[in-house]
Amino acid sequence: MERCRMVFSGSGGQGVITAAIILAEAAVLYENLTAVQTQAYGAAARGGATRSDVILADSPINFPKVIQPNVLVCLTQESYNKFFDIIRPGGLLITDTRFVKTQLKVDAVQKELPMYETVMEKVGKPIVFNICMLGAVVGLTELVTPESIMKVLEQRIPSGFIEMNRQALDLGLELGKKVK
Amino acid sequence: MERCRMVFSGSGGQGVITAAIILAEAAVLYENLTAVQTQAYGAAARGGATRSDVILADSPINFPKVIQPNVLVCLTQESYNKFFDIIRPGGLLITDTRFVKTQLKVDAVQKELPMYETVMEKVGKPIVFNICMLGAVVGLTELVTPESIMKVLEQRIPSGFIEMNRQALDLGLELGKKVK
Amino acid sequence: MTKQIKFIQGNEACVEGALYAGLDFFAGYPITPSTEIAEHLSKLLPQKGGKFIQMEDEIASMCAIIGASLTGHKVLTATSGPGFSLKQESLGYAVMAEIPCVIVNVQRGGPSTGVPTHVSQGDVMQARWGTHGDHSIVALTASNHQDVFAMTVEAFNIAETFRTPVILLFDEVVGHMRERLEIPEPGEIPLVKRLRTAVKGGVDYHPYLPREDGRLPMSDFGDVHRYNVTGLVHDMWGFPSDNPKIVHGLLRHLVDKIENNASQMARYKTFYLEDADTVLVSFGSAARSALHIVESLRPRGEKIGLLELQTIWPFPADIVSQYCNNAKYTVVVEMNMGQVCQMVKTTVRHPERVFLANRIDGVFITPTDIKNILRLIKGKGV
Amino acid sequence: MTKQIKFIQGNEACVEGALYAGLDFFAGYPITPSTEIAEHLSKLLPQKGGKFIQMEDEIASMCAIIGASLTGHKVLTATSGPGFSLKQESLGYAVMAEIPCVIVNVQRGGPSTGVPTHVSQGDVMQARWGTHGDHSIVALTASNHQDVFAMTVEAFNIAETFRTPVILLFDEVVGHMRERLEIPEPGEIPLVKRLRTAVKGGVDYHPYLPREDGRLPMSDFGDVHRYNVTGLVHDMWGFPSDNPKIVHGLLRHLVDKIENNASQMARYKTFYLEDADTVLVSFGSAARSALHIVESLRPRGEKIGLLELQTIWPFPADIVSQYCNNAKYTVVVEMNMGQVCQMVKTTVRHPERVFLANRIDGVFITPTDIKNILRLIKGKGV
Amino acid sequence: MAKAKLKEHRIDRDWCKGCGICVAFCPKKVLELDDQDKAVAVRIEDCIACRLCELRCPDLAIEVDTEEKVEEKA
Amino acid sequence: MAKAKLKEHRIDRDWCKGCGICVAFCPKKVLELDDQDKAVAVRIEDCIACRLCELRCPDLAIEVDTEEKVEEKA
Amino acid sequence: MAVKDYIRERFFPHLWCPGCGHGIVLNGLIRAVEKLGMSRNEMVMVSGIGCSSRISGYMDFHTLHTIHGRALAFATGVKLSKPELNVIVPMGDGDALSIGGNHFIHAARRNIDITAIVMNNRIYGMTGGQYSPLTGPGMMATTAPYSNIDQEFDVVEMARAAGATFVARTTAYHVQQMADIIRAAILHEGFSVVEVMSQCPTYFGRKNKQGSAVDMMKRMKETTTPIGSAAKAKNPELIERGIFVQVDKPEYCSEYNKIIERAMGGR
Amino acid sequence: MAVKDYIRERFFPHLWCPGCGHGIVLNGLIRAVEKLGMSRNEMVMVSGIGCSSRISGYMDFHTLHTIHGRALAFATGVKLSKPELNVIVPMGDGDALSIGGNHFIHAARRNIDITAIVMNNRIYGMTGGQYSPLTGPGMMATTAPYSNIDQEFDVVEMARAAGATFVARTTAYHVQQMADIIRAAILHEGFSVVEVMSQCPTYFGRKNKQGSAVDMMKRMKETTTPIGSAAKAKNPELIERGIFVQVDKPEYCSEYNKIIERAMGGR
């Protein structure tokens, strides 16, 4: 597989870091891939734009940070403004329609998806917004299988919440596949 | 003048350190000599044998410790036993008759003086025993003048006690001169 | 049976290594970026009957693990820069009283509060010289989670073997990064148990008398041998002494037991060094960028390799000389002002061929940074 | 008028120097062998309207003097090994926040409680590297009371000039020994006053923006400029920043202001070096024995001299090279395991010609010790 | 002190973090959070200018401007 | 407990530092310091074996041996 | 002066989480200082490290942001060297009573004229939710995953026993009382301690299922009562608010001035 | 066992000065332990640095002579890691309440089963007579040449406020009471504090013209009284002796064992 470098960004409460970890963990535990996940700490992490980097590969990963992501996800305007220009030429830029207005042209495939709206409409819980986003990423990139993601989720969350997460993941997958 | 290295030894309460300081201070402040005084600290200083080293000279003194003293004063048996053999060949060894039995032969001039007895008899205060000792040393060696010692004492002690100290000093001087 | 695989932070890998090594007592005080070590142990230690305690500060934490080591337990504390500074007095006590214990310092940007959430490797010299008086110390590090695990186990083994505190000098990137860890089977990595005296009760036991092989068997507090432990210079029974012979003997023993065994304690990895004329020397997370650039320059024909140090103290001078003495360029890659570089310079035959590729701005050094510095060093401009 | 002559301990000479330099605030915690400094200041400071406070520990003492420095006062604390270890965190704060202050460490035998009442010079490397993170430090020492006085004044001058903590690294022998001190007339030794900003109230003042000459004018707390002081990396107003440019700039500034001025800060004395082929390098009380042996060997025709270092940090590499590069034998005389010797080796052209004449047993090194070692070094046996 | 008469609520939308404290503890239920989670005065006429919202705001985002205050300033 | 009957005062002259505490607080004035400043029992017959001297000695230099104690040991 | 004259506006919005009680302490403190009408130039704020300690960066005083736990030691140096300054030391519960406990009791013992404000959120906020010496048994924290077994200090009792001459407790909910108490504390000559119960919804609240900041503040209202109230008699579980200690005792800097007089006279 | 079986005879005569109260504490402690009949192998004594701390070198227990002020932190590690041991921590007043104040209040707060004995001579003996936090205003010390202005702690009040569950005070004069109290303190399950007023004739006595050790002990007799005595009512200056606090509260190691049970059950 091609090495895939990703940056997930958004604001504190949106769960972008968790999403990044789940993706990477799925790749490592269930797809026999190599993955490294890092994130910004400190003041940078608190106010403003949260960011988590994930690299997936089938060989050892030494340098763990992402400088130019193949995939960039921005879930807030602030994170979009801050990070849009780091996208690797020809990369994939995913934004949420509710939170981000993409005024700026970049050399990348831009996908503006109504992830938040869809989640709120169909699930009604903002808490699974990040899982929907993950679904969209997986739908668009097919880096790991949805089953692997679900296996990670089953380890991580109380069984009562699994269904809700599966629903959000599926919604994301659909959104992603649709625009592929 | 010849460089004179001295060791004053005894037990905690006898004031040998004070005596050493007074002698050195007299030399420096009133005789334009060079002097260095050191002493043992810690457990060594608390129980057992107290020791203070003094070097007097008319040129700079670099090495401040005394290895082989020209003059060794021992005011207790313990200090005598511990230090008698460090005396410089041909040096002067002063002991107090009340506290020290000199059983051991050394290559030095040995002076056994009844300093404590004399002080107790004539002054009645054991506290000036050390000043009497100092008098004896000065009497024997003429390293500094008694006046210089008195000047130091006048700076250091309340005027009410000066007389007593002068008396002790004189008693020592006499004892010293007598056996010279 | 398939091995247990985890996708975790470096700090957790350290926790896993410590538990594998037989840790049963942890005392600490939270501080970024080491806190996760305490957090995970607060959960995992009692599950195996071990003890976790959050003390009132870092000083107390260090003292508590020393106390717990003396009752016969494997002990750990974890901190970062400011806390590591606070521990210096009690760390010196552990050196003097020869207490097996492991101290993790997940380095962050200093001096002082510095940039607490950013990466740095600025505590290398402090680890060696932070406490007062002549002494020696062991410090290990690692660049990835498998090695974090292994070096943590190693730290406990060295602590027990040499009756000494061992410092694990990790950094923020390794501590916080998540990657794969495969937990070795029990027994896969050999463990050094506490060496306990064979001397029976009633027979004179010397807690501070080295055996012929240099090791000093211990006796647990609560056991039949009652002896004294002190930070004063002491005799072979542990009682204070200021006898110059004893002072001399003890200080030499404390330093020699570490320095004379430097080769035995040297842990390192080599990459592409067989024919390398340019040798990168690195450690911790910086070594990841170093390896990255080595692997990307090799295909272009550059004879470049990497010596990754895992033992920092005692400084593995033999290893460094061996690999760097004949190099045209030795380039030390580290995130500080050249603390290891200075050591390499004093070690190799041609100090003038030793260069520093570093960053000190809290940003993780990139392969590109190193590449650029290599060009400059070789006179090729930017 | 005749000068004031005193016959006092080295610790008192330090007190006299500090008062001469304009000391007006001391905070400390007693510890052997530095205690006399506190004791004398508790008496003398209030006599001139200054303040003495005995704090609850050494950490608090260091913090208190930093606070007092910020209100515009010249400040001092004094301690020994264990206390010096405890001060490391707050010492790093003083480095980072650029606080002029002076810290005396009257060294004693370490590590840990060691031999508290015996002489040692074992904290040389700790003075340089004791706190976490990259940084630089100034450390001075002296071998006799006149120099203790002068170096104490110097310490305050350097602290003010460079806005930095300065360490006075004395030792038990110098601290406790009594000898003559001649107090210089007021004005005889120039004093550096606190450089206060000329910026008026209401105009933007930058507490952390160096002037062209590198100095940073201060403003007292309570004065018209309200600014921020922090141990975090900060911008020119003193406010926290983790901007990599600012991090880099500040760390370089903190180190460069010291290291680039090493020559300006180098204080040393030379004895009989003109034609010496054997150069003793020494400092503190050890230099007394070194000078003694030099002066006793010279009349016997030996070409031996002494370089006495008074500035230990920043290490006076230029001076050491100048005097030792051409020597047949450079012999470092110190009471530790070779901490300065190691620095000399990394400095001179022929490290293989550098030797160590030391004692580590708590006993003051004698001229005879040095003489014997010289014979051995020169292959002449005992 | 004369009883204060409300002039306006000045709410700094950049500073307000939408914690809802002012809303919850306003004795007259004057305030609400809008759809962007910023405080707004919706029943301004009920306000008794008690300033509790101002005092309790952790973000110093709300100021209750009263007539007196204006006079004071003059 | 049976009332103890005095057998002897064992005073370790090497340990005794002559502080005089035992002397001052003996309810029966049994003890004195000799010319070398060591405690000695001078009015042994007055001793009531209260052991206060033993308990208060900072140097563990004095032991009051009683009959019972001897029996206990057997 | 207007409220905003006391703050450094350029750092706003501040870094505290939404609903963090520390912001309310900032608010109350400003009101207290405003009423006192003291010049900002005579005010020094000294803080340690923690979310709470960030407060010094926001106030337009002379501000000294120090190291974790040691603020009172730095403050002692500031105050004793220049007693005419007003020194305020806001502290987190960990900062004040865990690592900083010794400096706390010694400043109290000396009765040096400093105002200590303990912003007690019962948790280490800045490092992400570990238990503090004020968390109390039975509560959850990231380092107490099986619930906490550490007994808690009573700040008021500790301050009193150590010798503080002004000791009070209030909450973020009772912001008017808070402002009044802080004002009285600053005016008090001697060491004054004000414990302010402050909510950390992000860690303490979340870990202990205490709901939103609003819920936590409601709980402050319900679980506290004025000192000596009838309610307390009925329900001894209630936590008392108000001024517990307010006595006159020799203040350290004044006492030191007497030492100086004596020393100078003695020459 | 005989008294001498509890000591390391080869270090006698000990290093304390003639008449030093610390020797009487040693004496009283031995009597207490003797009565308890505990095996020396289950006793651990942990001390810091100071004249007082030398006591650990003289007792034939497992002895841990640590660094100044930190003994209780070391002791916490010993006790928590092996709760079946009896841990006794003798401390100087400076050791316990100056540099070690924080560990003192935190050990008390945790109510860990350790017996702390504060050998209070109101001075730093070992370093030669500087004032301590228990010296008290008006006294002389080498660092208080114009007389001390530092207020003193009340050890009993501090221990109580911090959470100690056994708190007592006695003196070197009242050695029988001392032995009884130390015995009760060792038996108490939880953190126990015994303040023993101990004379330092060499420094405190000499500096404050209090005469010989005997005179100082007479003063202990005259200036103290049993808790709640009629004498105290008449003369409130009198210092009370006896057991001030003796309550049952969850002990730290037992509580931790419950955590272990919960954690192991949870697997």
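In order of appearance the chains are A, B, C, D, E, F, G and H, and numbering begins at 1 in each one.
Everything below uses one rule, namely that a contact is a pair of C-beta atoms (placed from the backbone, for glycine too) under 8 Å apart; a residue touches a chain by one contact, two chains touch by 3 or more.
Fair warning: this is a prediction, and the values are worked out from it, not measured in the lab.
Enquirer: Going only between touching chains, how few steps reach subunit G from subunit F?
Expert: Minimum step count, subunit F to subunit G: 2.
Enquirer: By label order, what chains touch subunit E and subunit G together?
Expert: Both subunit E and subunit G are touched by no common chain, going by the contact rule given at the top.
Enquirer: List every chain that touches both subunit E and subunit H.
Expert: Chains touching both subunit E and subunit H: G.
Enquirer: Compute the distance, rounded to whole Å, between the mean C-alpha positions of subunit E and subunit F.
Expert: 83
Enquirer: Measuring from the mean C-alpha position of subunit C to the mean C-alpha position of subunit H, what distance in angstrom results?
Expert: Subunit C and subunit H have C-alpha centres separated by 38 Å.
Enquirer: Give, as an integer number of Å, the spacing between the C-alpha centres of subunit H and subunit A.
Expert: Chain centroid spacing, subunit A to subunit H, equals 60 Å.
Enquirer: Enumerate the residues of subunit B that touch no fewer than two other chains.
Expert: In subunit B, 42-44 touch at least two other chains.
Enquirer: Check each residue of subunit D and list the ones that touch at least two other chains.
Expert: Residues 32, 43, 46, 56-57, 59, 82, 89, 93, 112-113, 115-118, 230-232, 240, 242.
Enquirer: By the touch rule stated above, which residues of subunit G touch at least two different other chains?
Expert: Within subunit G, residues 13, 17, 67, 98-99, 101-102, 106, 133, 146, 150, 256, 259, 262-263, 266 contact more than one other chain.
Enquirer: Residues of subunit H touching subunit C in their complex?
Expert: 11, 40-42, 44, 46, 56-57, 60-67, 70, 73-82, 84-85, 102-103, 106, 256, 259-260, 262-264, 266-267
Enquirer: Show me the residue ranges of subunit H that touch subunit G in the complex, using the header's touch definition.
Expert: 98-102, 105-106, 109-111, 133, 137, 146, 149-154, 157-158, 160-163, 249-250, 252, 255-256, 258-259, 262-263, 266
Enquirer: Mind pulling up the subunit G residues that touch subunit C in the complex?
Expert: Per the touch definition, subunit G meets subunit C at residues 49, 67-69, 98-99, 101, 124, 127-128, 130-131, 133, 142-146, 150.
Enquirer: Give the list of subunit D residues in touch with subunit C in this complex.
Expert: Result: residues 59, 81-82, 84-86, 88-89, 92-93, 95-97, 107, 109-118, 120, 122-123, 125-126, 128-135, 230-233, 242, 244-245, 247-248, 251-252, 254-255, 336-337, 339, 342, 345-346, 360-363 of subunit D touch subunit C.
Enquirer: Which residues of subunit E touch subunit G in the complex?
Expert: 14-15, 17-21, 24-25, 52, 55-61, 63
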